[in-house]
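Notes to accompany the following structure.
Chain naming follows the written order as A, B, C and D, and within any one chain the residues start at number 1.
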Amino acid sequence: MQPLLSAERLHKTYGHGNIFSDVSFTVNPGETVGLFGMSGSGKSTLGRCLIGLERLSGGRVVFAGEDIARLSASRFRKLRPAMQMIFQQPAISMDPRMHLFDSVSEPLAFHEKRGRPEVFASLFPLIAAVGLRPDQFSCYPNQLSGGEIQRAMMVKIYSLSPKLIVADEPTSMLDMSVQAQILLLMKELQKKNNTACIFISHDSQIMLTMCDRIGVLGDGDFRMMELDEFAGYTTELRL
Amino acid sequence: MSEAAVRHRVRVWCASVRGTDWYYRLKQRPSLQVVFVLLAIILTAAVFSPIAAPQDPAATCLYEKNQWMSTEHWFGTDYLGRDLFSRVLCGLQTSMVVAVTTIAITFVAGAAVGSYAGYNGGWAGTCIARIIDVFLAFPSIILALALVTLLGSGVLNMILVLSVVQWASFARLMRGQVLAEKNAEYVLSAQAAGLPNWWILVKHLLPNCIMPVVVLATMDLGHTILTISTLSFLGLGLPPSIPEWGFMIHAGLGDMRTAPLNVIVPGLAITFVTLLFNLAGEGIRDITDPHMDVEGSL
Amino acid sequence: MNILEVEHLHVTFPARRGSIRASQDVSFSVKEGEICVLVGETGSGKSVIGQAILHLLPQSAMVSGSIRYAGEEILSLPESAFSRLRGHAISFIPQDPIGSLDPLMRCGRQVAEALETRGVPKEMRPSRVTSLLSALSFPDPDLVAVSYPHELSGGMCQRLTTGIALASSPHLLVADEPTKGLDYVSRKRTIEMFLDLKVKGTDSILMITHDLELADLIGDTAGVLYSGELVEFGPAAEVFGHPLHPYTKGLIAALPKNGMRPMRGVCPGLAALPKGCYFQDRCPAPCTTDLHPPMHDVCGRQVRCSRC
Amino acid sequence: MHYYLIKRIAHLILTLLIASVFTFIVVNAAPGEPAEVLARHLYTGLEEAAPPELIAKVADRYDLSKPLLVQYSDWVGGLFTGNMGYSILFKKPVSWLLMLHLPPTILLTTVSMVFATIAGIIFGVYSALHQNKISDHLIRAATIFFASMPGFWVAVMLILVFSLWLGIMPVAGYGWPLFIILPATALGLHAMVSIVRIMRTSMLETMEKPFVMFAKVKGLPMKKVIFSHACKNAFLPVLTVIGMSFGALLAGSVVIETIFSWPGIGEMLMKAISARDLVLIESTIMVIVFLFLIVNFVIDLLYHIVDPRIIYE
């Protein structure tokens, strides 16, 4: 089977320091790969580099058979909806001056050249699937809780039917019970749409429940681990 | 309900949600409503001042010079016996024409240059940043003085001078705003969704960055009126034939002891108009910010 | 003997429409030398309790009930009288350790300030600072003393604020979310630090947290807060081992290590609480009455559920 | 640190250079051949036309026939060596005139700045600590009102009230200490207002910060919490505003010095402008720009000393 995304010898330097170097791994369709590391280990930067939101210093990322760094700007834009990202801080991941229904329906409305209200009406099934009511989308992002925004984010992302989602600590700002809800929802949607996911977190417990394989970033080097190996690796970190 | 009907209802609902919030926040603030009404009156007065003035602002009458308030001359007369009220009213028009045109020019130029320099960065962005720095290195009136020396007096020249002096502060603010916002996660999210750069700049960055610039523009309207009057107080910028508050104060200095109204009234006019713009600026900042608590004060 | 007794604590904030009942009818007590943990999610009003004990609530808050420290009523004490307790007999470890240290002052001086209020003479302070810092297992105390907070990691700042709070050898320590926002290494060290305190067994601690694992490890007694009120209070091992209230059960089941089975729904907003039981919308077996369930004793602990 | 300092100084010099080019162009591009203006000034009077041979003579004598580029480099060179040329209006060397007129301006702006800073901080902190009380509302209303008054009008009103009506202050002139009170008040008012407002906002923000709460919880007395923690942190943004206000003070000094006949460079600049004394105009403007940039440079360094968080990139 051809991998959906393969990262080959990625490295990134910032100023004088190395953020990460020699990172290579592959992601198959529908699979969840974890990226684990301490704060400051560069896992968020790596996640952003993988979908081309930040420039790599070296190495290449091949997504669906195409090297994303070599694509022309317009071809890359066509490819972009297939790779989406969920961010850590729900409070600022939606445009603070836009009503949620505008934010959520904007990408699809742009790509399909339709009116936003129309697109929004077509998103109603998805909105129900993530457990929100359409009237909640009349709010500004700051009027909703973190969990609700992450759900709305899910609507925005899945409206583009992506093949890969990079989730950058999507629940670290959320409460325990909401965290479980969001993670299960992510899993469920992923299964239903056969979406691959790169899951970034520093919580080893969540990693073990969410991921199929886990890459560990630490002190500048990168190792890919199977679940049981990872469980062994993190026992010393746990209490 | 048919699908078309659902769509229609959603469209109506979307439009109603979008339209209400500024209005709602304005309704919470009665004092701000008063400010806006007064501003509207001032602007109307500025447009119609030559017609509305009770007497010819240029009609001299030496027998009636330096008079105190009376029913005939509400604010008294100046050293040539001209009606002070009419002159203050016409001075309003002069100030407003110059100030509004200047701010319109500087706002557009500053926002365009600033957002370009902020979003694109790189070599051109750095260059623009340096040029902005140079303009800001001149204390504003000093630069205006130098330019007035070059261009001479006149309404158009005044607008040109003030625009050259003020565009840099707009550009700097806009650049700073864009720089601060362009790495925000919602911008990244829009990039990830495959939206083109111009779209992100226009639909996301500008709306999120422009409000402080609008507030600055409103407050700078007041500030520009101060600068105009200062320049014409120094006898520069506008020809003496055009009634202008600063020049009126200058002309009243000689008879200040016997006819204090000649310096008090135009000064109060400047203060009042500037005050209104300052209050309106603060008010706009409050009502356009979704983060702002509705219980905020004026 | 009870060092802290909180009875029928109500905290209400006025809002534009109506009011926000951040804390309702909260009663619990902390015995001398005991560690009491209050667990709750965002909006459960857990931080408000700590702030009420230390008189840190904003002026607009309306507080009623009673808080007794060593038998003395402290809730109604005027600021001048209370300030002799704050930082001396009762200490506080804030959440957000980095933000809680003055960014413009060297860490050593911030520790020295705490000693100063204790009346340690000026010439003794530097040596006391050093000994205090090395007691917090900083490898190089002198270096930490001359550093600014931004030069330290989150975990180091956490230890520093704890150290400052412990500098007065308080009788009661109130810790507000000590593990919030820390990465796993810092979190582990912080938990170990509290375990040390627990082993020593001399301090009475009231810990407020959202971290169930921490609560389970540290607590002697534990309380679970939901929508501003206590729903379960009792010995920690009992509460976390055999939860009675459906909310406690749901929280524990939602942990990743327990299989991550979430409860449905979200907490109701504090401004618009439902009639009757606040948990009814999320309860797997909701009761049919409109009556608000009172706190009642069930096998050695208190539960606010009419079904238990 | 050294690297940062060098970079900062390089920026300063670059800005000064571009500013000097800009000033030179603006001033020398004024209508009318400089030599002709000068000739009329010196020999024939402003109303009459000067004969061509006189113009040529004058141009030769004052180096006005050289190409502009040479004139510019002569002038910039002069700025460094102190030989800035010769003022036609005062018939004295420009550097001598600047030496004579700079001290009064520096005295006036410094006194205004000190007054504005001290009063601004006191009122700002007081207003923040009494948020939403009557005194706070009064201070805020007063600041927005004062910010709307033109500086020159404040000066005129001060003269009208204190000198003409009450007769307790001298109308104008140069002296110490009585003569400086009115001009310094009129000049410093706007700066004070901006400092009050930024100090109040910044203080309110800082009082909400967790470290202020923690300082209180440590058991520190409230006075100490406010002065050694809150005020110090709240002061940082004020520093930037002080730097900005200094530019406004220099600009305002042109008007204020003219009104109060205060013999500073502002007043001299106005005289030079009405007499079209180009060499004096451009040199004075450059000196003002230089002063402004230096003050901001110092404040920038100060900021780096006060705030340890800033990293020298």
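A few remarks follow.
Keep in mind that, in the parts below, a residue touches a chain if its C-beta (ideal position, glycine included) is under 8 Å from a C-beta of that chain, and two chains touch if they have at least 3 such contacts.
Here the structure is a predicted model, which means the values were calculated and not measured.
Fewest steps needed to get from chain B to chain D, stepping only to touching chains, is 1. When C-beta pairs in contact are tallied for every pair of chains, the largest tally goes to B-D.
When you average the Cα atoms of each chain and compare centres, the chain farthest from chain B turns out to be C. Annotation: 33 Å between the Cα-based centres of chain A and chain C. Centroid to centroid, with C-alpha atoms defining each point, chain C and chain D lie 53 Å apart. With chains as nodes and touching pairs as edges, the resulting graph is a single ring in which every chain has exactly two contacts. In summary, the structure contains touching chain pairs A-B, A-C, B-D, C-D.
On the side of chain C, the complex with chain D involves touching residues 54, 56, 83, 86-88, 91-92, 94-96, 99-105, 113-114, 117-118, 148, 150-151, 161, 164-165, 168. Considering their complex, residues 38-39, 145, 147-148, 175-181, 183-184, 202-206, 208-209, 237-239 of chain A touch chain C. Chain contact summary for the complex, chain B toward chain A: residues 3, 6-7, 10-11, 13-14, 17-18, 184-186, 188-196, 199, 203-204, 207-208, 290-291. Chain A meets chain B in the complex at residues 48, 51, 53, 77-81, 83-85, 87-89, 92-99, 101-103, 106-107, 110-111, 115-118, 120-121, 134, 138, 140, 142, 153, 156, 160.
Here chain C touches chain A in the complex through residues 41-42, 154, 183-185, 188, 191, 210, 212-213, 217, 250-251, 254-257, 259-264, 266, going by the rule given at the top.
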